[in-house]
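Next, two complexes with chain A in common: one pairs it with chain B, the other with chain C.
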Partner chain A sequence: MKSLEDLKRIRERAQAQIRLRTQESNTKIIVGMGTCGIAAGARETLMAILDELSKRNIQDVVVTQTGCVGLCEYEPLVNVIKPGQPKITYMKVTPEKARQIIASHIVNDQVINEWVLSTEEGA
Partner chain B sequence: MEELSLHILDIAENSVNAKATKIDIEIDINKKENLITMKVIDNGKGMDEETLKSVRDPFFTTKTTRKVGLGISFLDEIAELTGGSLEIESKPGIGTMICLRLPLDHPDRPPLGDIVSTLITLSVTNPDVHFYYKETRNGDVWTFDSEDIKDLLGDYALLGKVKELLYNNYKEFTGGELL
Partner chain C sequence: MAIVRANVLICAGSACVSSRAYEFKDALLRALEEAGIREEVNVVDTGCVGTCDLGPVAIVYPDDVFYVRLKPEDAKMIVNEHLLKGRIVNRLLYQEPITKEVFPSLSEIDFVAKQRRIVLRNMGIINPESIEEYIAREGYQALATALTMTPEEVIDIVKRSGLRGRGGAGFSTGLKWELTRKAVGSPKYVICNGDEGDPGAFMDRSILEGDPHSVIEGMMIAGYAVGASKGFFYVRAEYPLAIKRLEIALEQARSYGLMGENILGTDFSFDIELRRGSGAFVCGEETALIASIEGKRGEPRPRPPYPANRGLWGKPTVINNVETLANVAPIILNGAEWFSSIGTEKSKGTKVFALAGKVNNTGLIEVPFGTTLREIIFEVGGGIPGGKKFKAAQTGGPSGGCIPADYLDLPLDYESLKQIGAIVGSGGLIIMDEDTCMVDVARFFLEFTQSESCGKCPPCRVGTRKMLDILERIINGEGEEGDIERLIELGNEIKQDSLCGLGQTAPNPVLSTIRFFRDEYEAHIKEKRCPAKSCRALIAYQVIPDKCKGCGICARICPVGAAQGKPREIHFIDKDLCIKCGDCFAKCPFGAIEKIDIFSQKT
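And then the complex of A and B:
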């Protein structure tokens, strides 16, 4: 892999994946990226999530951000929304916790209750 | 926040929230003049004069979820602490420009930090926004354009390679010098 040009050559494959991930049935991971989230380490948490998705070659997940929701003391907050399931909000998500959330919740469908701040039905 | 790159992430997220579709981030490092300049320019909704006057106040925010707004006041504090300056220009409907100038050698000047992580974070989580980053170090220039990697963002396996490539490119540019 030498340059962006090399990467562009595999664009076609990527575009197919984008089509896949923009389908509404996909799982969403939303990281709190307000000032409070960033100050609490949200960037590193997000980078760990991307890295774990990359290592596991998981494609059908959309990773996005949200601003401050007023729960600054629990940041970094990470929401996981799986199709047909309640929205789970995890609190104080360090990069290590983020990796475990990917393994347990995203891959194996096991919510890590210990770290859950709230559960919202019908999200 | 301990890194300028985290402040850049924070300010650029403000721009995203202000509905910007194009965000230019510029860093200029000039050792001769002992100056680091950080600019974030967006085409978001901008601020009226009244908002602009209050924006440095930590107890001012447009948010409704809480009563403090720390992003800009952090920058103001850094400028004050180091003898630098913070300039903000904004026009409703046109956009906002934030320019922070700091003495390079001041001990209270935060390090630039992990700018590549900031650029990846912004690009991945805001795929509809065009981010352009330009860093100048004593005349040498390094740029990043989110449009170049836009089509690759959806594939996380490729994103890992993009990340590696950007880190290597950037390291080549800086020669590993941390500022």
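And then the complex of A and C:
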């Protein structure tokens, strides 16, 4: 390292490594990962979401999981919570649908209404 | 590259490591492997989170879930439930000791929420063995910024920030740097004093273990400011983990070109050597420490001349404590005004304390100066265990004094503590409850300084021995009229006449306990009674017949067969055999054993 620019470059690279620990949660994607969700393919959905986020280099989204909410027949369920917006729950989210949700809802702020199971204010 | 979706940070401070954090980590890695999600989850060591009595602890990000008292068996549960299915494992969460409320996130717990973390800013967030993670948190940015200023400007910022030495004496850090810069002589040196020795204190160890680069960066800025190109770390050999992490950090800093010749393309060159101390308490005193680095016997010499003028090998030397140096980078980055807005009028910033003794949450805490003892004990510390009454707190370890309950609401800073005969010291904070005998506390600390006295000057070597003899007599019920006065007289003379800080402060615990708890000394001397019922020579154990159910537990656990009796009959304790270990008293399920004063008529 010979200059300030080098330091800055390393800092930016390193910040990606610890991003999960330091960022204030902005947008959240929550995947239903109860036994029912996993049986319906939630793991593949989760991996597709992570893959799509990383392909698009989207860094300010936190992806977590949750347990069974009792709507097993609609699994895999995916919740999207954007700051100041209602919680949107998508149903039967396959990996392909998950990628489209990211493209449409996360990136372009367009909810894909036909897959929405419920909308919850103030979540 | 695999996509990492979660980070598990495992506290790798000494306390958690000794309660088997690494075994938990191995089990966690195995469980992740078995579940097939090893690639998705990063498992990272981190510095002391501070909640040492809850260890081993881990934090799961991005959910920010804090798990405590982890055993290797728990790893599978966390992987299968939390990391796979997103269900938080409730039984491993922190439970507030008094309200029994459960908190999933570390930042919600009073212990952490009431703190202000500047020195401990990276604990629980970065891996201390990774320079890149330190750089990600603005690491070495302060050094880069300082190198664009003149040394005088750097000194000016540190002076205006109001930063004072965190090792105990509280001298202005900026002024120390200025004196060293202006001193005639070359080369100049920077020393980091990591010879932490107070019983119960582990602030510096935790900082070195948890964020070594923050101290290195502070040291390099000090080097630039005073015009030195060589620094020394002096760390106790009893801190192997701190030494290992420092060595890794120094090597990384060199290989990243942040240490060595022409740092960041400037004229500034700096390197640091690590020296191990052999654990002599007196080597925490700066002139003794310097002698030790020079390869001489660790003995102090009279000051002045101060190290700023005649230090290491007779050259101008600035010597700062670990915590002091860890404050430097944030001051350079955020400015003098930011730092001086925290704290009280004359004591700026925060102080790290090692909270120990009779308090629910023991561990490492950082609070702004001006925080009261009540806030520290009852909010951060979660109160006294077993609903017992607070009696006093000892600050400054064997060089400090006690703060009695009357001063619970005193805002803590350098001046306020000095006024009541205590000191901020390096940050040991030992909480004592009603069962603690203050005479015994004084004896404990004096025994420590007495055995650590280097022996060079008679007031300390002989004087502390004489004081200790008197205290031991008092505790054994052989105190005499006039002992208290003798202790005060001896204490004051030792303070005045000793060569270095060790002797000059050694009588403090005795003088301070006499000042606030003279009645306890008098009870020992005149009535041969220990009010806290703690001094063994003055108490006896006996069975309360009405409460004894004859269960026989006391007879089974008594190591000398003093507790006796037939099953289902009232037991008794043979006072001639009894060694007063107190096991029966602690274990009796019916509270049927009591302590009595031997020499007074009634309990």
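Keep in mind that, in the parts below, the second predicted complex is superposed on the first by the 98 of 123 C-alpha atoms of A that agree within 3 Å, B and C clash if a C-alpha of one lies under 4 Å from a C-alpha of the other, contacts with A are read in each partner's own complex, and residues count from 1 in each chain.
One rule holds in what follows: a residue touches a chain if its C-beta (ideal position, glycine included) is under 8 Å from a C-beta of that chain, and two chains touch if they have at least 3 such contacts.
These numbers were taken from a predicted model, which means no experiment stands behind them.
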First (chain B), second (chain C), both or neither touched by A:69: first
Touched partner set for A:58, first chain B, second chain C, both or neither: first
Which of chain B and chain C A:80 touches, first, second, both or neither: neither
Partner chain(s) touched by A:39 [first = chain B, second = chain C, both, neither]: first
Which superposed partner A:93 touches (first chain B, second chain C, both, neither): neither
Touching partner for A:7 - first (chain B), second (chain C), both, neither: both
Chain B versus chain C as contact partner of A:101, first or second or both or neither: neither
Interface residues of chain A shared between complexes with chain B and chain C: 1, 3-4, 7, 10-11, 13-15, 17-18, 20-22, 31, 33-35, 38, 46-47, 50-51, 53-54, 63-65, 67
Residues of chain B that touch chain A when the two form their complex: 1, 6, 9-10, 13, 17, 63, 65-66, 69-71, 74, 114, 117-118, 120-121, 124-126, 148-149, 151-165
Interface residues, chain C side, partner chain A - complex: 3-7, 9, 40, 42, 59, 61-63, 84-87, 125-126, 132-133, 135-141, 144, 256-258, 264-265
Touch list for chain A against partner chain C, complex: 1-4, 6-7, 10-11, 13-15, 17-18, 20-23, 25, 30-35, 37-38, 46-47, 50-51, 53-54, 62-67
Complex interface listing, chain A residues touching chain B: 1, 3-4, 7-8, 10-11, 13-15, 17-18, 20-22, 31, 33-36, 38-39, 43-44, 46-47, 50-51, 53-55, 57-59, 61, 63-65, 67-70, 72
